[in-house]
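Quick heads-up: structures coming right below.
The two complexes that follow have chain A in common; it is paired with chain B in the first and with chain C in the second.
What follows is the complex of A and B.
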């Protein structure tokens, strides 16, 4: 029997679910392997009570989200968190950087209406244990397919753990630090083929801090190039507010 | 080997002549630096380059490469055959030619790598003399000279090139595509003085005496912990190294899960998972042990098998390392007992 799969979106711009639709060349092949019982972006029905695999995008921002995630963890054999919001908090959780109340007032002013049961934004990974992650803003379709394939075959998560400078070197980019620009590639989880930096934009850290990154050493690199730790941390907080980063 | 003299003004003739028969790859400008890339016109060729971002190993052992395809249902395997177009890599410095010779030991000696060999055998190498830069230390290993492994080597004598011809193919190409003349004793003398000036141009000469012994004697030195604290574990050093040959092998299934491909990618011993094995064991879990391993392998392990160190002193790793770790510094620390 094909595994029953649900795709759930929490607080996010649904960009990662849109990326899933962008797998158009292979979407039908993938759908042939699974029983897609619910896809929030594309279905109007309700989420079923039983399923085997839950793919979750977005960050939890309400009590309802937190309850849903716990229910998902109890129900699904496999949980896959996709995108920065679900993995590291991402843009959805950026409010945590300034403090949720201050951030809310800044964006919505005094007349803003607070969602029922609002909680401080939290990545899926910080709320429940997940089995696989697909980091990035948005996700890379190839990587998503690869992770889904591993999940379907019961293979362990193999998301790269090292920072991405090595990938940047294979693309023969000139290091942004040499050009006097701050680049987070030195601490950011690889697996993106150094796409942004190859297109001429320094890394903003959307894939999260690499588990193998050497943060104290990176601090020295930042400082040696004229970027104090505070500046580097504020840059890092764009996508990474859900876990405390200490340089 | 024999020698000829070619006028500097003839260089475009030679490049155009080669381009008529081969794909010509050489140092070209990229974003203020240089890379080995396709030479569309002789004017693209930047023989005044200091070094390239990636070494020429990428032309023989690409960063990512598919090795075979397989079908899941019946385990049918189709090997990928490498079609390597005839080409010339033009303008290699002696360090990089030496680097390829060290790679040859790995890919074509005890173990046959058909992917590497196909590209290597379809490629002619044209070397060119260089000037030392601040990060160069080829003089420490004797890789500032190259005696074999190229087809033609051009030593810049100002208004002309002193051409060392090493292969029959090289002789044919020179004969067919460019006007050259016999050498005179003046040419040879000038060649000698240019070579001597090059050797004198290095800012320092590393003391590499007893290096393998020192590596063993200082196995537990705190210098490795200090280097480990600095290392970013980013693997940049391995990628830009002309002699780092480690790769990871990955099987990927196609989206329909019915077929797949086996790929290899450049790997680095500086990655945490490099020495991880089944059951979660890891022989080199600490950064310090991984940095140490890099030097042990290059200056001792390879040496014990092939009688050369696995470093050609090109300085690319030092340029690429944001933490400023360089083999020069490590060798000095071994000799003097401390990291600066």
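What follows is the complex of A and C.
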């Protein structure tokens, strides 16, 4: 029997789910491998009680999300967290920097009947154990297919652990620090083929801090090029507000 | 009294619930409850550097991200007094309009079409009508690939930054896309035929219609705000003066009015306001669709999206020809940081999008405001639901709710945008 798959969207911009629909060339093949039982974005129907694989996008920002995630973990054999919001809290977590209640007051004033049950935005990874991650903002369609395929075959997670700089070097890009610009490739998890840097824009750190990043050494690189730790940490906080990063 | 609900309405972007109160067979009240959680973007940007704003606010929506990215870029540029090159403006138009191909194709075929053939999703059509699904995927993929060519990837453009572009596509690649855009002509024309053949209820929207109008070009990335019913035209930068936003108790998204009336934005209002500027083939398709030149039927928004697919494919091919001919440079222009306020406006696939920011002497954002198309549409959508529901109360419960859902989907709402 084909594995029953559900796709769940928490608080997000749906960009990663859009990237999932962007597998045009392989869409029909993938649909042949799985039993896609719930995907609110693409199909009518209710979330089933039983399923094998849960793909979760977005950050948990309500009590309902937290409860749902715990149920998902109990039900699904495999949980795949996709996108920065689900993996590190991503852009969604920036709201924590100013404070959720302050953000609420700024956007809605003091009126209290909307956005009920709100909690501080949290990544899926910080709420439940997940089996696979697909980092990035948005996810890369090919990487998603690769991870989904590994999940369906029961192979272990092989998300790269090195910083992006390694990949950037193999693409023969001129280092942004040489041009006087701040780039987060030195601390950010690899796996994106240095896409942004190759396109001429410094890394913004969307894939989260690389587990093997040498943060004290990165601090020296930042400082040697005129960016103090405060400036670097502020930039790093774009996608890592919820993560404890010590340079 | 009975309460009917459709929780987490399917095939729309974001999470919303339709609630209908029925008493003695009569609809007493009907609401669209946006349960999609708010993310407080306007608070997120406060205190951040000006050049981080487009990165952050583009994440309001992964579906029309080129619009959010570039509209916030425009707002920041207005605040800092940055003038970009003509070539940069043209490249930006190409990037935004390319994303229409992806957006409209997805909404029409993946979200809306299943309603008209009585299916829960588009997936079963892959077996019964493979030619339709393949056509949908061809249009969507072309939009994605062109967005990726210009912006670096289909979702959240990389290259479009303050002042210009960090990298331009190779001319020979652009040329190939001009050819592909011409080749998709049959597919987009057939899309108009398909959607104009689907029967829709006879219905008139309750509110006004607003869209940007640019007398030189079909308004995508420039223009002034026009009110169809009000007969006025104002600089988009004054949007905070003419659009009134209100908090409503049942929804995380605010409701908007102009001149005390609800209003609609999107493809139908755009065509009503600028159909004289459509490309020749798009004009032919609009005539053939026989929806009437000044339709007020919300359900025709789908056909209008299809007409815009025709326009986008023809116009983007023209933009590419111009880019190949004109020369010029898109390298980001140099600029100085200064204090200022700026507004950016554009037509996103779902309607007019406004961003505004205040920047202080250090280049830090002190205030931000965003009004998305769906946030503008929601009050009108509810008013339409209230007007439409009594006309379909004779239907069995499931069909009644489906009819309401179809009305909701005709707006192509993006609830994640609406709450931001």
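In the analysis below, the second predicted complex is superposed on the first by the 234 of 247 C-alpha atoms of A that agree within 3 Å, B and C clash if a C-alpha of one lies under 4 Å from a C-alpha of the other, contacts with A are read in each partner's own complex, and residues count from 1 in each chain.
Note that in this section a residue touches a chain if its C-beta (ideal position, glycine included) is under 8 Å from a C-beta of that chain, and two chains touch if they have at least 3 such contacts.
Because the structure is predicted, anything quoted here is derived from the model rather than measured.
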{"item": "Dominant contact partner of chain A by residue count, chain C or chain B", "value": "C"}
{"item": "Contacts of A:20 with chain B and chain C, given as first, second, both or neither", "value": "neither"}
{"item": "Which superposed partner A:213 touches (first chain B, second chain C, both, neither)", "value": "first"}
{"item": "Chain B versus chain C as contact partner of A:166, first or second or both or neither", "value": "first"}
{"item": "Contacts of A:30 with chain B and chain C, given as first, second, both or neither", "value": "first"}
{"item": "Contacts of A:175 with chain B and chain C, given as first, second, both or neither", "value": "first"}
{"item": "Partner chain(s) touched by A:45 [first = chain B, second = chain C, both, neither]", "value": "second"}
{"item": "Touching partner for A:184 - first (chain B), second (chain C), both, neither", "value": "neither"}
{"item": "Residues of chain B touching chain A in the complex", "value": "30-33, 35, 53-54, 58, 63-64, 229-236, 238-240, 252-257, 266, 268, 270-273, 287, 320, 322-323"}
{"item": "Residues of chain C touching chain A in the complex", "value": "8, 10-11, 13-15, 36-40, 42-44, 46-49, 52, 55-56, 59-63, 65, 106, 110-111, 114, 120-123, 126, 137, 140-141, 144, 152-156, 158-159, 161, 166-167, 247-249, 251-252, 416"}
{"item": "Partner chain B, residues of chain A touching it in the complex", "value": "23, 26, 29-30, 32-33, 145-146, 149, 152-153, 161-166, 168-170, 172-175, 177, 186, 211-214, 216-218, 220-221"}
{"item": "Residue ranges of chain A touching chain C (in the complex, touch as defined)", "value": "9-19, 21-22, 24-25, 27-28, 31, 36, 39-45, 61-62, 65, 90-92, 94-95, 97-98, 100, 102-104, 106-109, 111, 113-115, 118, 121, 137-138, 195-196, 199-201, 204, 234-235, 238"}
